[in-house]
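Next up, some structures in structure tokens.
Two complexes, one shared chain (chain A), two partners (chain B, chain C).
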Partner chain A sequence: MNTSAPPCAVEVTGLSRTFGSKLALNHVSLQVRRGRVFGLVGANGAGKTTLIQHLLGRLKPESGLVRVFGFDPVEDPVAVLSRTGYLSENRDLPAWMRVDELLRYTAAFYPKWDMAYAEALRQQFGLDPRAKIRTLSRGENAKAGLLIALAYRPELLLLDEPSSGLDPVVRRDILEAIIRTVADEGRTVFFSSHLLEEVERVADDIAMMFNGQVVLTGTLDDVKESHHRLILRFDAPQISPPKVTGVLSITGSGQEWTAICNGKREEAMAAAARVGGRVVAEESASLDEIFVAWAGAKTE
Partner chain B sequence: MQLHVSTGDGVPIYLQIATQVKYLVASGRLAPGDEVPPIRVLAHQLLVNPNTVARAYLELEREGVVHKRHGSGTYVSDAGSPLARKERLKILAERVDALLAEARHLEVEPQELQRLIKERSQSIQPKENK
Partner chain C sequence: MGIAGLVLAFTVVYPKLCALAGFDPNNPDPLEEVAKSSALQSAAEPSLLRIGQVLSMLFLACGPAVTMFLTLLCVVWMFTYTELDQRTKDPMRFPGRIFTLPVSTSFLFWWLFLGGLAAMMVFYASWVYLIPQPRIKIFGMHQNCFGWMALMVLAQAIAWTLAAWPGTRMLILMATVFYFLGCIDSFNFFECPIVLPLGAALAFAGLQKMRHGQWQGLTWKWPLAVLAACTEWQGPKRFAPPAQAQVWFEWRRFAGTFCFITVAMALVPGVIRLLARIVFSLEPLSGDMMDGFTVFLVFLPLFIHFCVGASPARSDQSFLMVRPLTNGEMVMPMLKTAAISTAISWVAVLMALAVLNLLGDFHKVAQGVSPLPAVRVAIVLGLIFLTWRVAVVNLCFMLPGNRWIATMPVLLIIALGAGIVVFYQLEQYGGYWHPLSRILPGLLLFLVAVKFLLAFLSFRVSLQRRLFAPNDVVNYLTIWVVLVAALLGTLALIHPARESVFPLSLGVILLVPLARIGFCPIALACYRHS
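Up next, the complex of A and B:
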């Protein structure tokens, strides 16, 4: 049993799930270590929300294993949900409640609810306690959802596309909440996003998903250090992208082309040389470029 | 301490922080003995992961730019260290590179540029030092 604390907050092993004929999750494996910020990156429809639904026990694995703090979310939802603060993508809060009612209502579910902290967050977020949820703006709605996910100081904060469709001020509040959560010792954040700039700022570890598959997972530093941007120069203008084997992507025009490669830079340089390309510059690739390169490589 | 991080260009954020602190020290905007912000404070200010700030500080500590005082905070080390001088020269080297590139563009030979630097240097020196 769970007598000693498992090192992982979340452990997913070989998880698969189909919806009709669509393979929504295809042998997904990842580990979220305690006290870390984990960013799940993927395009819309890559399977991020489906994965998160499994972590919450709302979907039962067709095959594979899901553990949150060592518990099975389907078998033991109380153990999982009492440790987890969740902000859903569509923030389905009861529209007819007032903000203060929402706080009291949510507090009733959580023995560890911290009323003083909730009140401090409410003031910080500028939410009127007497405002009805349905009258809140999109940003206020997100803040209300974030407030009730934070106010019982969950061990795991689970955020599904927290920033999508929000203005920079609200996004800042959300990033601050993530940073504050990990700065408090031992707590863990798992969030999905397609805003790579935010992922790069706050994540310790990442996973990239395409079409239900995790193609890449590791620490953000390792991912960034293993990917290189090579600028290739050709003696003659190339009409179509030169075929350089072993690179994830190649873009450009004329005599200069940019290749993104994963790890094997010597091989990539040799492959470029075979088709007449010289490496004139080598730089580290941004997360954005890495993502786009993988997206292209995975949909070809 | 005002720093700025950007995510577009591929330079790791911890390196951006470390480089900018070094620049502030080398340029004198951070003086020896000044305290740099605590990790959490800077993480909040820059909206980056606290571990990233910790890694930047560790890097700076390893290079002798800052040092930790037990139980208090992190402070800028003595600017007389060889590193600070190395960093100052590095900053200048970047300027010199840009100058050389421009000179080449304007078809001015390096020897001629050297003469110009010497000339300008003499002309801006205070009179009593001449």
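Up next, the complex of A and C:
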């Protein structure tokens, strides 16, 4: 057991997992530093939830290592779960409980439970304490789940698709909760999401997953800086996407095409010139464009 | 298909079994024949063999009737067309997807109504006319197909009309079932024109309302607030230790509901009958009815808790698995709530037996069980222990969350039944019992040794992997020792034959769960860290 606090809240090394014949995670490695907001993005079925389940100890690695605060979530689930707040994608809260019962029950397991903070959150989220969980809407369910994940000020907040199926107002509440958590010293947030504009708003570090592999990881700024959107103009209209080596994706029609490249800017420019194109504009790619470009590249 | 298979199996196999056993299914009093054949057995024969013979005769006497009863109840349930809702765990939810089909409500209703009536008539006639079964007058159900049809129509009416209030619906449905079971023999053809159309009209209205989402906003909040408060244990304002919170959680999510059902099923029929007797000056219940009621009451908690223990479906497992609890800390509250549920259920049963005393000659029933009060007390204590046992002994099969492993309890029951039949058949060919009775104590001793070895291994592994806290292990072992001592003391109450004391004592030790409890945290780990 580690006696000193590890620098990373989460360390995953060479993690692999199969379900039957499907390789859900393929030698996944990543690190989540303490005090950072880590956004995990990926298409449906990329393996995000599977990875999060490994961090909670719900799944046992077939190969590789998972450590949360230096503990193995399978061997020592209490040490991990007592420091981790979790909001599941399915919001699986006991339907028969009332909101006040949910708070009372959850509070019993966390010595650091802050009653005043929990009550303030409950009021902010507008949750009726006497309401049964089964009568709550999807957004209220998410808020109730987030409430019990935040109220004891966990060192690590794990959110699996926190905004999925929620309206913009509820999404804003969840994002504010994330930001507040980060504002507390030393707290870490790890969340998976499809909504890239939200990841861009709050994440410090990101990882992109496709087909069970992490294809891209780093700070958000580094990722965006390393990807460029090149506007290419061709002398002759192109009937099909021109073959420009060194780009992740190329979209457009006629004479004007947009290419996303990953660090290989000069190579892409030279390749475009070889097929009769020239770069007329260059910008930083948004996270959405980077994601779509990688998704397309991985599909091919 | 299953019911048809059962009917076919009984049609083909049952007459052969009766011929083999020398049992006459046309005997007007089959239970008397069972009693006589038991009495004819030599007292020198081993008690296990006699028990086996009696059980097999009981099966021949009552098996067709009980199976018929269960299959017809199954038909009633099938044609309410309800199913378990995985999300809300409502056991009788009408599938809403049916309403998305391009069919009218009338078509749906007539299909279920007429289909149900037809199915009931066909299965009833199959049981009564194809299988030469003995006439057991427990509920007089052989005499009345119309009663079953009326029950089915009323079940449809209740299930569909009260869909918005699942708890109320379950209570009224159970009360209706029990009323019918008590009165089915007196239901006659002339009451059909009243009950069937009334039930059909209610059922149609209920289906219509369900389809259009009506009545869903109404609640029983204020009238049932007291009842809801009693059945829902609110718990303290703040749970001090996590263990207390977990006991509360287990009680509220599972054990409390079944305890409530047991208490209601034990008390409601007797109280209703008592009130009816007072108001309408009814005659005391007949001896057969008293016997049936007593058997129903004493086996009710056992049956309900067996169903609970063998049920693989536990809600909220995903929520529970991410709580900062060890596996042992999740298992121990399940044992505690099973004990609480057992205690409350048996308090209700004893109260119901006290009410039964006011409905007929209960003294005769008690004397029929045993003339000795100590034996009767020993039987009740044994049944209380068995009730707790059946609720917890199969946890190790349920916890891994694998549906094939979860069928083990049912397979074990079938294996036990098959073993009894095999015992009985072997005895027919004679000569084997004496060698068996010589090796039986050694065999039981061996099984006890295996049990202790498995318990040692399971607790050791659980402690090494920190699935169980040492305190929890010590507590459970202490309780185990106290339980075994109490049961051996209960055994002493009935003064068994000297040569039976040792094997019976070993049997008691085998019965009290030890190794299986030790395996529970390991089994839970299979689900928690799959």
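Simple rule for what comes next: the second predicted complex is superposed on the first by the 299 of 300 C-alpha atoms of A that agree within 3 Å, B and C clash if a C-alpha of one lies under 4 Å from a C-alpha of the other, contacts with A are read in each partner's own complex, and residues count from 1 in each chain.
FYI, a contact is a pair of C-beta atoms (placed from the backbone, for glycine too) under 8 Å apart; a residue touches a chain by one contact, two chains touch by 3 or more.
Owing to the predicted nature of the structure, the values given are computational and were not obtained by experimental measurement.
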| item | value |
| --- | --- |
| Chain A as common anchor, with chain B and chain C clashing or fitting | fit |
| Touched partner set for A:37, first chain B, second chain C, both or neither | first |
| Chain B versus chain C as contact partner of A:88, first or second or both or neither | second |
| Chain B versus chain C as contact partner of A:204, first or second or both or neither | first |
| Minimum distance between Cα atoms of chain B and chain C in the superposition (Å) | 28 |
| Chain A-touching residues of chain C, taken from the complex the two chains share | 87-89, 234-235, 237-242, 244-245, 248-249, 252-253, 315-316, 318-319, 321-326, 465-466, 528-530 |
| Residues of chain A that touch chain C when the two form their complex | 56-60, 74-78, 81-82, 86, 88, 90, 92-97, 101, 104-110, 134 |
| Complex contacts: residues of chain A adjacent to chain B | 36-37, 172, 175-176, 179-180, 182-183, 196-197, 200-204, 221, 224-225, 229, 283-289 |
| Parts of chain B lying in touch with chain A, wherever the complex brings them together | 5, 7-14, 40, 43-44, 47-51 |
